[in-house]
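One chain, chain A, links the two complexes that follow: it is found with chain B in the first and with chain C in the second.
Now for the complex of A and B:
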């Protein structure tokens, strides 16, 4: 299992691919620092930076790139077959990959969000954002890991989820928020550190339970899918 | 090709017909790229995403035309394009990796460049194909809106002509979008052979710049407000519209800096094309 995790990490960070993950968190922190430096009121810049950029773009996009990168790219290459033919339970493969995706996503999003929260309000908000980001990245990772097993175009489907479902519908149609991970993250962070900056739109139990359902359901269904995974030759 | 270059003649018949030059390679690549953009000549699966986007755009245009015939104006040609900004991002994120990342992935670039094809031709054909595809995505619905308005006009030919004069700048605006988005997304897509990474990178690049505009707008400086639109491709094109149409209100105030938006557009497109060229010149010379 540790070997699978090691291979996955190397696949993720090999060549210069890891550099793709850097600009987003850096931009997030830079924007917060600029606003802080110019003494703009946090109530003015908190919403666009924390929610607009941090929770609506940085977290889902990084989770998408990493989550589909750990499994989807191997399915794409066909190299997944080398792992599948080893005498390993499929459960261990999924768990190792999920763990890598979770840790990488959590590290690259929680750290900048902590800094932003610190600059915006207080350590408490920073910690709250970091915890919420860790929870959210688990749910996102499980979802995107599952997507890369149920479809050949996981990134596009994931983008539809992030852009259309969370981005467009989540803003206008209140019912879709119950199935939007972004809203759980906002709610959790708002609950841990109540400031005026965040505006959680779902209730806390819903956020906790639904995050758990996304994480567990995604993992279990992904294990199930990988159990009956067939290497199709079709490459379109 | 030349007789002297034959190492071992195994007696196959040679091709003696006319050899098509660079121009026809360019045309073939352009046509193939344009077809691939919409999934023609591919499996049904690869048609899903492009046609989903195109379908939404066409649907909006049809609804708009239908409402207009009843006297309700939903969007004009410019607002229509602005409304579709997110769809355009999604479209280039689907199509740009399809055009360039696949070639890198399957290692066919050496085959391409073993023809009488220069790096400039390759880049030109791909960019032209994507620009055309994005322009079709925006221009075709605009044409539907035009037809809807033209057939319901009350003032005869004069009304049709006036409507046509309104359509032309709308098409021009679509071209501005098409060039900027095509060159940016192809540049990002040409960095990686993995379509998944390329699509994620393109969306990230376009999305992460949007909040920057919002932040610059709250800074305590008038100049920062006027220049804030430069930070994101979407608001850059909006800024050009505001500049050229003399202060249409789109929630962005460009002040006296309108020409800078135009200059940045030109520079950005040129820079992307040059970087693409540099990238493929390296591949071509291998």
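Now for the complex of A and C:
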């Protein structure tokens, strides 16, 4: 399992798209620092920066880049074959990939969100956002890992989920929020550090149970899909 | 000793039948899987390697099914046609990683041995994305061989190799076959198979067209009538003269010239100038029109 994780990490940071991980967290922290620097009231900038940028864009987009990068790109260029032609339980391969995606996403998003929470309100909000981001990273990673195996265009489908389902429908159709990882993250952060800045729209039990369902269900289904991985012949 | 077996295997994609009721058994030694492009060779190889489920029938290695059974990779190595390798790794890192994933007791020593076998020791510390096609191919073979599998499947292993690299690879496969490994490689080039393997399985249009010793099949191929396109100053008179020649089995007169069917390549090509000279006819064109591989294969299919 460690060898799969090693190759995955080398692959993730050996590609140019690893650079995409930098600008969004930097932008997030820079915006918060500017607002704080100019003494804008946190009640004015807190919600748009934390929720509008941090939780609705930075967290899911980074999870998408990493989650599809750990497996989708190997499926895409065919290098996955070198890992699949080994006597490894498919569970081990998926868990190694999920672990890498989770750790990288969590580190890249929890740190800037902690900084933003700290600047907006308190250390407590910072910690709450970081914890919620770690939980959200796991649910998103499992989802995007699964997408890499069920479609040839995981990035596109992931973007549709993040922008259309969570972003658009989540705003106007309340029922869709039950299947929105973003809403779980907001609810969890709000529960840990109640401030006026976050407004959780699903209940805490729903947030916890649904996060677990996304993480577990996505992982189990991905393991099953990888077991039946098929290669189409190029000449036949 | 490992035996790869296909029993009445078919594979279809929607309405398209890619592989049609093929049964074959591969024994230790080198076997060539021969057929024109699009015949279904890759589909057969992928089913053997556990990357496609047969729509019908069974694919087994030592009686164990290959589909959804990762444990077969302990005894199986695959060199796929698509030459994707983790380019950010060096050859040594790549082969060592393969050895580790195989859970070999001493991955470094196994990697060293495999790299020596494919003669990649000199370049082993260079990143794979700096390699030529042939070097990449050899690195992939080293990765597939590192656990010394009993069965090695190679899909078009000679594609893109220069003659020297080709020879190296052929020697390597021979050596492995002589040591009791079961090697199957696919190719659409007859001569590659001729040089490498006594046993062939010929697939045409998804069916097993011929199976067995190469020399026997080759004889079938050389016995087929040869077709020539001939144009001359007087086609009709030439046709009359040719039909009297023993080696000619048929003549057709067409707008652009004659189509001549000859049973024996050698005697016809010697007889034609003699006949033309005797009749005072000037030959303008002589083209063997039947030498494409597809026609050889389709002839086999009819035979």
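Points to keep in mind about this one:
The working rule: the second predicted complex is superposed on the first by the 229 of 236 C-alpha atoms of A that agree within 3 Å, B and C clash if a C-alpha of one lies under 4 Å from a C-alpha of the other, contacts with A are read in each partner's own complex, and residues count from 1 in each chain.
To be clear about the criterion, a contact is a pair of C-beta atoms (placed from the backbone, for glycine too) under 8 Å apart; a residue touches a chain by one contact, two chains touch by 3 or more.
The model shown is predicted, which means the values in this text are computed figures rather than measured ones.
Per the definitions stated earlier, placing chain B and chain C onto a shared chain A by superposition produces no clash, and the two fit side by side. Of the two partner chains placed around the shared chain by superposition, chain B is the only one that A:152 touches, whereas chain C remains out of contact. Shared-chain residue A:72: touches chain B; no touch with chain C. When the shared chain is aligned, chain B comes close enough to touch A:44, but chain C does not. Contact with chain B, but none with chain C, is seen for A:52 once the two complexes are overlaid on the shared chain. When the shared chain is aligned, no partner comes close enough to touch A:125: not chain B, not chain C.
More residues of chain A lie in contact with B than with the other chain of the pair chain B and chain C. Of the two partner chains placed by superposition, only chain B is touched by A:35; chain C is not.
Of the two partner chains placed by the overlay, only chain C lies in contact with A:87; chain B stays clear of it. Minimum Cα separation between chain B and chain C in the superposed model: 12 Å. When the two complexes are laid over each other on chain A, chain A has residues 234, 236 in contact with both chain B and chain C.
Chain C contributes residues 18, 37-43, 45-46, 49, 51-53, 68, 70-74, 76-78, 80-82, 84-86, 88-89, 94, 97-98, 100-103, 140, 143-144, 156 to its touches with chain A in the complex.
On the side of chain A, the complex with chain B involves touching residues 17, 20, 23-24, 27, 31, 34-35, 38-40, 44-45, 48-49, 52-53, 57-58, 61, 64-65, 68-69, 72-73, 76, 152-156, 159-160, 163, 167-168, 234, 236. Within the complex formed with chain A, the chain B residues making contact are 42-43, 45-46, 49, 86, 89-90, 93-94, 192, 194-197, 199-201, 203-204, 207-208, 210-212, 214-215, 218-221. Of all residues in chain A, only 3-4, 6-7, 10-11, 14-15, 77-79, 81-90, 227-231, 233-236 touch chain C in the complex they form.
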